[in-house]
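Letters A, B, C, D, E and F mark the chains in the order given here, with residues in each chain numbered from 1 onward.
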Amino acid sequence: MSDQFLFQEEMERVVNRLSEPDSYEAVYHRNIHHDVHMPSVEELTLAVELLRSVIFPGYFLNAEIRTDTMKYYTGSALDRSFRIFSEQIKRGFCFSCCQSDKDGNHCITEAEDISRELLSRVPYIREMAASDAAAAFNGDPAAKSVGEAIFCYPSVRALTSHRIAHELYKLQVPLIPRIISESAHSETGLDIHPGATIGKNCFIDHATGTVIGETSIIGENVRIYQGVTLGSKSFPMDEDGNPIKGVPRHPIVEDNVVIYAGATILGRVTIGEGAEIGGNVWLTRSVAPGTKILQRRPMEKGFENGTGI
Amino acid sequence: MSDQFLFQEEMERVVNRLSEPDSYEAVYHRNIHHDVHMPSVEELTLAVELLRSVIFPGYFLNAEIRTDTMKYYTGSALDRSFRIFSEQIKRGFCFSCCQSDKDGNHCITEAEDISRELLSRVPYIREMAASDAAAAFNGDPAAKSVGEAIFCYPSVRALTSHRIAHELYKLQVPLIPRIISESAHSETGLDIHPGATIGKNCFIDHATGTVIGETSIIGENVRIYQGVTLGSKSFPMDEDGNPIKGVPRHPIVEDNVVIYAGATILGRVTIGEGAEIGGNVWLTRSVAPGTKILQRRPMEKGFENGTGI
Amino acid sequence: MSDQFLFQEEMERVVNRLSEPDSYEAVYHRNIHHDVHMPSVEELTLAVELLRSVIFPGYFLNAEIRTDTMKYYTGSALDRSFRIFSEQIKRGFCFSCCQSDKDGNHCITEAEDISRELLSRVPYIREMAASDAAAAFNGDPAAKSVGEAIFCYPSVRALTSHRIAHELYKLQVPLIPRIISESAHSETGLDIHPGATIGKNCFIDHATGTVIGETSIIGENVRIYQGVTLGSKSFPMDEDGNPIKGVPRHPIVEDNVVIYAGATILGRVTIGEGAEIGGNVWLTRSVAPGTKILQRRPMEKGFENGTGI
Amino acid sequence: MSDQFLFQEEMERVVNRLSEPDSYEAVYHRNIHHDVHMPSVEELTLAVELLRSVIFPGYFLNAEIRTDTMKYYTGSALDRSFRIFSEQIKRGFCFSCCQSDKDGNHCITEAEDISRELLSRVPYIREMAASDAAAAFNGDPAAKSVGEAIFCYPSVRALTSHRIAHELYKLQVPLIPRIISESAHSETGLDIHPGATIGKNCFIDHATGTVIGETSIIGENVRIYQGVTLGSKSFPMDEDGNPIKGVPRHPIVEDNVVIYAGATILGRVTIGEGAEIGGNVWLTRSVAPGTKILQRRPMEKGFENGTGI
Amino acid sequence: MSDQFLFQEEMERVVNRLSEPDSYEAVYHRNIHHDVHMPSVEELTLAVELLRSVIFPGYFLNAEIRTDTMKYYTGSALDRSFRIFSEQIKRGFCFSCCQSDKDGNHCITEAEDISRELLSRVPYIREMAASDAAAAFNGDPAAKSVGEAIFCYPSVRALTSHRIAHELYKLQVPLIPRIISESAHSETGLDIHPGATIGKNCFIDHATGTVIGETSIIGENVRIYQGVTLGSKSFPMDEDGNPIKGVPRHPIVEDNVVIYAGATILGRVTIGEGAEIGGNVWLTRSVAPGTKILQRRPMEKGFENGTGI
Amino acid sequence: MSDQFLFQEEMERVVNRLSEPDSYEAVYHRNIHHDVHMPSVEELTLAVELLRSVIFPGYFLNAEIRTDTMKYYTGSALDRSFRIFSEQIKRGFCFSCCQSDKDGNHCITEAEDISRELLSRVPYIREMAASDAAAAFNGDPAAKSVGEAIFCYPSVRALTSHRIAHELYKLQVPLIPRIISESAHSETGLDIHPGATIGKNCFIDHATGTVIGETSIIGENVRIYQGVTLGSKSFPMDEDGNPIKGVPRHPIVEDNVVIYAGATILGRVTIGEGAEIGGNVWLTRSVAPGTKILQRRPMEKGFENGTGI
C-alpha cells in the first residue's frame, strides 16, 4: 500500500523529469509537417513483400497466380506497393530534409516522380533477382532447385531487398533505403548498405555476418561466403574530427571473383576479375585478375594434453 | 494531375512487361496440382512450435500443463502438429518432385507414412533436445538453470528445430526441412543444414555466424562457439561446371570435441575424440584424438601512435 | 484408411510415452505457485518497446508526440510499461527462486521494489541511450542523421535494450534480463550479456556476430565492429567438473578504445585507454593505453591459376 | 491445494464422461472425407467481402481503385474470392451430402462447376445491388447520398450478401448460403433466408427484426421497414409429426408494395402490386393490387393518473 | 498553425477538467485489489468458445477431432476454458463485492469452488444444448440437418451461451453471466437474461428482438419466435422510488407451449402446458393448459387509393 | 482440366464486363483528392473506443487507471482519439462535399476546427453518458450496480456512441456520425439516428429493434423499451417524387415519459411530460402530459383444441 504510494510519487517525478526539454531535446523527433507521419517500418515491409510477390510470382503472398491471371495479380500488387512507396518516400524526405521547405509540396512532388521512376525499374529488378536465384542454385551443392533458393535462401531474400533499396538510394531517397536494408539485415544477418553496387548473378552463401559497405562495387557472377567484410580501411575526418560522409572507401570486386568465409577486404582496393580470396584472408591491397590468394598459414601447435588454450 | 496520368501509363507498361512469359518464366512457380498449395512458412512455424511445446512441456504455448493434464495437452498439440506436418510434407513433395506423378496420390500417401514415422520419433527427439538443454547449462557459466537454457538460449532453440528438420531430411522430404532450418537460422543466426548429423549433448554458445554444412557428422558432448564454420573445402563439378549434389564434403567431429569461436574446419576431415580446436584456427586436415590445436600466433605489432590501420 | 488407423495407434503410443515421468522429468517446468505464470516474451517485448518509445519520443509507437503532450504520452506509456515489468519481474523470481518461499509474497514485494527502482533510473537510461545514438552518428560516415541512427541502427536498438536489461541485472532479477538480451540478439545478431557494464557513447557498427560476455567492463566512447568477441579464456570448474558461475572472466576495455571487426579478446585482460585493436587480432593479454595493435600478417600466397584453395 | 486436487479429479471425470459415445453421439460432426475440413465462417466472410469490394469498387478493401486500375483489382479480388468459394462450396457438399459418395470427386467437380456459374452471375449481382443502393437513397429522407447508403446502410449490406447467397441457393449448394445469411443477420439484425426471391430496387429501412422466409417472393421496388415478418402461417407435418421441408409457405409481394414497421404477413398469400400494408398490420389473406391496408385501431384508453399498466 | 496552438490549449483544458474528481467520480471504476483486473470480455468469449467446442465436438475451433482423439481435445480445451473461468469469476467477485474483503482470498477460494462446480455440470450443459439443436431441426422446415442448426442457428448459439451463463448465475457469480449473455445478445439479437430458467428442447426461431426476463421459467419443448417479450408488467419500488431487485416478475411458460412472433406476455402469469399464443398477442393474465390464444383482430381498413397512412 | 480452362475464360469475360463504365458507374466511388482516403470504419471505431475509455475511466482499454495517473491516460487517449477524428472528419467532408473545392484545403481547415470543438464538448458528453448509466441502474431491477450498466448494457453503449455522433451531426459533419451510429446499431440492435436530440438520464432497456428517427426530440429521464419506433408518418415528396430531406417529421417526447415495448409513435407529435405509452400502442397523435395510454385490447379468442392459427 505505501509501496504503491511510493511508486506513484516516483512515477510523477520521473515523468516530469523526462518531459523537461534538457532531458528530451537530443532524442526527440519533431516533425515539421504536422500531417506527415514518421516512416513506417511495417508499411515498408509490406511494400517490399508485395514487390517480392510480383518479382517471384507464385512464391509469396499469392500462390494461386496462373499465367492467365498474372496480369491481375501483378497489377493490383504493384499498385498497392507503389501507393505505399509514394507515401513512405514522402515521409523519408520529410524526416530528413524538409526543414527548408515548410509547405511540403516539394517533397510530395519529388516523391511521386521517384516512385514512378522506381516503378519503371521493376522489370530490371526482376531480371537481377532472377539471376541471383540462379546463382544460388548453381553455387550451392546443397540447393535442390532454383525454387528452393527463391523460397528460403537468405541470399536471395536479402539481395532482392537490396536491389529495391539500391534503386531508391540511387534516386537519392533519404532513410527509406536504409530501413529496407536493416530489415533484411535483421532477418538474414547479411548487412548490405543500400549504396553498394552489385552486378547480376550474385550469391552470398550462409550470409550471416557478411558486411558490404556503402561504396562497394561488385561485378557479375561473384560468390561470397559468410563472415566476409568489404569495409573501409579508415575514413577521412573533417576539421572537427567528424567523419566526412560519402567518400569512396570500400573495395571494387570485379566479375567472377570468389571470396571465402571470414575474409576481410578493406579500403578502395580492386580485386581483379576471376580472383579467388581464401577464407579469413586479410587484404588491404589490390589483387590482379585471376590471382588466387591464400593466406600462408602459421603452423598449428598441437599438444597431447595442453593445460589450456 | 499529369503526374498521376504518367504514373498510370507507366503502371500499364510495367504490368504488361512483367506479364510476358520471357520476363517471368525463370521466376514463376507453377503448381502442377492446382489444388495443392505452396508450403506455408507460417504453418510450418506453428507445427514446430507445437512440437516444441510438447518436447518442453510448460515452457511454450501452454504454461499451465500439470502432470495430470499432460496427456491432454500432449495429445491435442501433437495431433494438431501432425495434421500440419502431413499437409506441408505433401506440399513439399508436390513442390519438388510431383512433376512425374500428376495425380498427386503418390505424394499424399508418402506424406502420411512419413508423418507417422516422424510422430514415432518424437520421444527420441525429446531425449536429444533434453540433452542439449543440459549441455547448455553445464557448458555456460552464465547459465543459471536448465530452465533458462530451454526458455531462451539460441542453441537449444536452433538445435531443437534442427533435430526435427533432420528427421524429415532423413525421411527424404524435400524443401520442408530446409524451411525449418532457415527459419531457425533467421531467428538465431545459427545455420545448421538439416542434413547434418549431430549427437546428443550438443551446445553451441552465442551461436551467431556458426555454419554447419549438409554432410557434417558431429559426435556426442561437443561444444562449439560462435562464428565456427564446418564447411566444404571445395566441391566436385560435373561436366557442365555445376556442383555435384550430395557428396560427403564436410568434417566429422568426434565425441567430446570443443571448437572455439571463429574456427574454420573445411573438407571431409576428422577431428578426433576429445580434441580442442582453438579460436580462429583454420584447419583443412584431420586431427588426432586428444590433440589441442592452437594456432601459432604471429607477433602483434604495437605502435605508440600508429598512423592508421 | 488403414494408414489412418495406424496413425491413431501410433499417436496413442507416443502420447503415453511422452506422458511418462521418466520421459518428461528433465524438461518439464513445474510452477510452484499455481497462479503465477511463466514469464511472457511477448509482454516483455511490449514493455521494452513502450520504454523505448519513452526514451526516444516521437520515433516509436506514438509518432504524434508534441512537446505539449509529451507528459501525457510519457506518463501513460511509462505506467503501462511498469505494470508489465512488475508482473514479469515477479514471474522471473517465481521461475527461478521461489522454491523456498511458497506463498510468493516475498517475490511480489521484491518485484514491486525493483520495479520502482528501475523506474527511477529511466532518465539515466535515456541519457545513456542518447549518447549511444550520438556515437553512432559520429562514428559512421554512412549515417546521415542522429535520427537515422535512432530509427534503424542495430547498435542503438540493442544497446538500448541492454541498458534496460543491465539495470535489471544489477537489481538481481533472474531470467528477465536474459530474455530481453536474447530478444535483442535475435533481432540484431549482437549478443550482449545483461551483466556487461558499458559506458556512455558506445557504438557497435554492423553488430552481427559481436559477443560481449557477462563480466565485461567497457568504458566511455568505445567503438566496436562486427564479429568481435569479448570472451573468457577458460573458466574454472568446481569439484564436479561444472563451471563455477559468476567469476570475473571477460576483458576490461577502457575509454576511447576502438576494436575492429573480427578481433577476439579473451580473459580478464585490460585494453588501456585509447588503444586500437586491429581487425581479426587475437588477444589474450593486456594492452597499454594508447597502443595500436595490428596483427603482423603472414605473406599471402598468390597463384596465377591455383588448382584449389 | 486440496482444491486443486479436487479440481483435477473432477476434470478427469468430466473428460471421461464427455468422451463416451452416448454423451457425444448426438452432437459430434464426423467428416467422411478426412482431408476435407468444415466450412469456415471466416473464409466465407472474406470471400463475400472480396466480392462486395468488386461489386462496389472503391468502397471496401481497396479504396484506391481508379478506372485505369479497375481491371487489376477486379481480377485479383474475383480470383481470390472464387478460389475460396470453390473450396467452401466443396466443404458444404461434404458436410451435407457426401455420405453416399466416399471418394469426394463428385463433390469437387460439382463445386467447380457451381463456382464458375456463380462467377458468371457477378455482373448481374452488381446490377441488383446497385439498384438496392439507389432504392435506399430514394427511400430514406435521412440518406444524404447513394454513397452513404452503400457505405453504411444495413439494408444494402444485407441485401448484397443475400443476393450472393441466393444464387448459391438456386445452385443447390447446401449450408454455405445459410452461413452467409446468418452472418449478415448477426451484423444487421435482418434475417433473409437465402431461398427468398427478391426483385431489384429493394429497400429495408432500419432492418432490425425483419424476417423474410425461405419461399417468399418479392417483386421490384418494394420498400419494407423494421420488424416486418414475411412468415409461414403453419407448416404441414409428415406422418412422424416432423415438418415437411421445402413447401411454398411464405407470402408473394408484388412490385411497388410498401410494408410498414411491425407488419406481419403469414402464409402463401399475395400482396398485389402497389399495395401498402400499414404498421403492425396482421395479415393472413391476400390483398388486391393498389389497396392500402390500415388496421382499424381500437380506441386508446387514457387516464390522467392510471395506477399501472 | 495557430489552429494547432488553439487545439493544444483546448486539450490541456479538457484533460484537466476530466481529471477533476467531480467530473469522474460517478463513472470511474476503482479496483480495491490493485492486482486484480477488470473482467475481460475477450477472455470470457474465448472461454465460452472453448466450451462450445467441447459441447459440439468437430464444429468449432478443432474440426479435426476424431473419436480416438476426443479425449485429448476435450481435456485440453476444458482445462484452458476453466483456467479462464476461474480467473474471470474471481474478477467478477472483485468487481462487485470485494469491498468488504480486502485481501481477496475469500473471492479467490470461492472462484475456484464455483469453477469446479461449473466444470462438473458440463455434461449436463451438453445434454441441454444437444436437445436445443434437435429442437431447432425439428421445429424449422428450412433446417436441412441438425448439423446446420448447430453450425449457424442463432437460437442454438444463444441458448448454449445461456445455459453456461445460467449455471454461473445459479452459483451466484456476479457480472460474469451478464457479460456472457450480452455478448450473445449482441451477436444474435436474442436477449435472454442469465437468470431465466429454460427447459430442454427449446427453439427460438429467427430470434431477433426476443427478450426473456430474469425470473422467467420456461418448460420443455417450448417453441418461441422472433420479437417475443417475456417481461414484467411492473415492478415494485422501495421507499426511495428505486426498483426492488430480484422479485419474481416474469412469466412461467409450461411444457410444449408455442409462442408466435411479436407476442408480449407480461407479469408472473402462467402459460399452461401445450398452450399456443398467437402472433402479436398481448397477454397479462394466465392461460389454461391446451388453450390456443389468437387475438381477435380488428377489421382492416382497405382503400383503393388512400391518401396516406 | 478443361473445367479449369472454362473457369479462366469466364473469369476474363466477367472481369472485362465489370470494368466497363456502364457496369460500374452507378456504384464506383471516385475520390476527387487522390491523397485523401475513404473514411475508415476501423479507425472511427478505435477513436470512439478511446473516447469511451476516457469517459468511463477504468472500464475500457486501460483498466489500470488510478486517480493519480488519470491525467496521463486521459491526455494520451484524448490526443490519439482526436488525431483520428481530425483525419476521419476530413475524409467525411471529402467523401461528401469536396466536389466544389478541389484543393481540399477548405475541408482540412474545417475538419480541424470541428475536431477542436468536439474536444471541448467531451466533459459534457461524459456528464450525459454518466446520467444514462445511472438511469440504466435505476430503471432496471435486474441491474446490480452502475458499473454493470457501464460495462455491458447495450443502452449505455449505444447512447454513448450516439452522444458522440450527435455532436458531430450538430457540427454538420457528413457521413461520419452515421458510420458511428450504424456501428452501434450493428452491435446493439438499437438504431438511433445521429440527428436525434436526447436529454439526460435516458434508458432504453433491452434495446433490440428500437428505432429513433433523425428529427426526434427526447427530453430528460425518459425510459424506452425494446421494439419501439419513433418514426415519421409520411414524408413530403418534391416535384420529382423524391423525399425532401431534413424536414422535422419525428415525435417530440417530453421529460419523464415511459414508452413500453413495441409501441409505435409516428409523425411530429408531442408526448407530453410524464406520459406513459403502453406496449404495442400505435400512436399518430399528440398526448397530453401525465396521460397513460393503454391500447384497449380486443378480446382474445381461446380454443380448447384449435385446428391452426
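In the analysis below, a contact is a pair of C-beta atoms (placed from the backbone, for glycine too) under 8 Å apart; a residue touches a chain by one contact, two chains touch by 3 or more.
No experiment lies behind these values; they were computed from the predicted model shown.
Looking at chain A and chain F, the chains in contact with each of them are C, D. Centroids built from CA atoms put chain D at 50 Å from chain B. Taking each chain's centre as the mean of its C-alpha atoms, chain C lies 51 Å from chain F.
Chain centres here are Cα means. That of chain B falls 56 Å from that of chain F. Within chain A, the positions touching two or more other chains are listed as 4, 11, 15, 64, 66, 69, 71-72, 74-75, 78-79, 189, 208-209, 227, 262, 279-280, 295, 297-298, 309. In terms of inter-chain touching, the protein chains here follow a pattern that is not a line, ring, star or complete graph.
Those chain pairs judged to touch are A-B, A-C, A-D, A-F, B-C, B-D, B-E, C-E, C-F, D-E, D-F, E-F.
Against chain D, the residues of chain E that register as touching in their complex are 54-59, 63-67, 70-71, 74-75, 78-79, 82, 109, 112-113, 115-116, 119-120, 122-123, 126-127, 129-130, 133-134, 138-148, 150-154, 187-189, 206, 208-209, 225-227, 233-234, 261-262, 279-280, 295, 297-306, 309.
Chain F contributes residues 3-4, 6-7, 10-11, 13-19, 21, 23-24, 26-31, 37-39, 41, 95-96, 174-175, 178-179, 182, 185-186, 189, 191, 193, 195, 208-209, 211, 213-214, 227, 229, 231-232, 235, 242-247, 249, 260, 262, 264, 266, 276, 278-283, 287-288, 290-298, 308-309 to its touches with chain D in the complex. Interface residues of chain C, counted against chain F in their complex, comprise 62, 64, 69, 71-80, 83. Touching chain F in their complex are the following residues of chain A: 8, 11-12, 15, 66, 68-69, 72.
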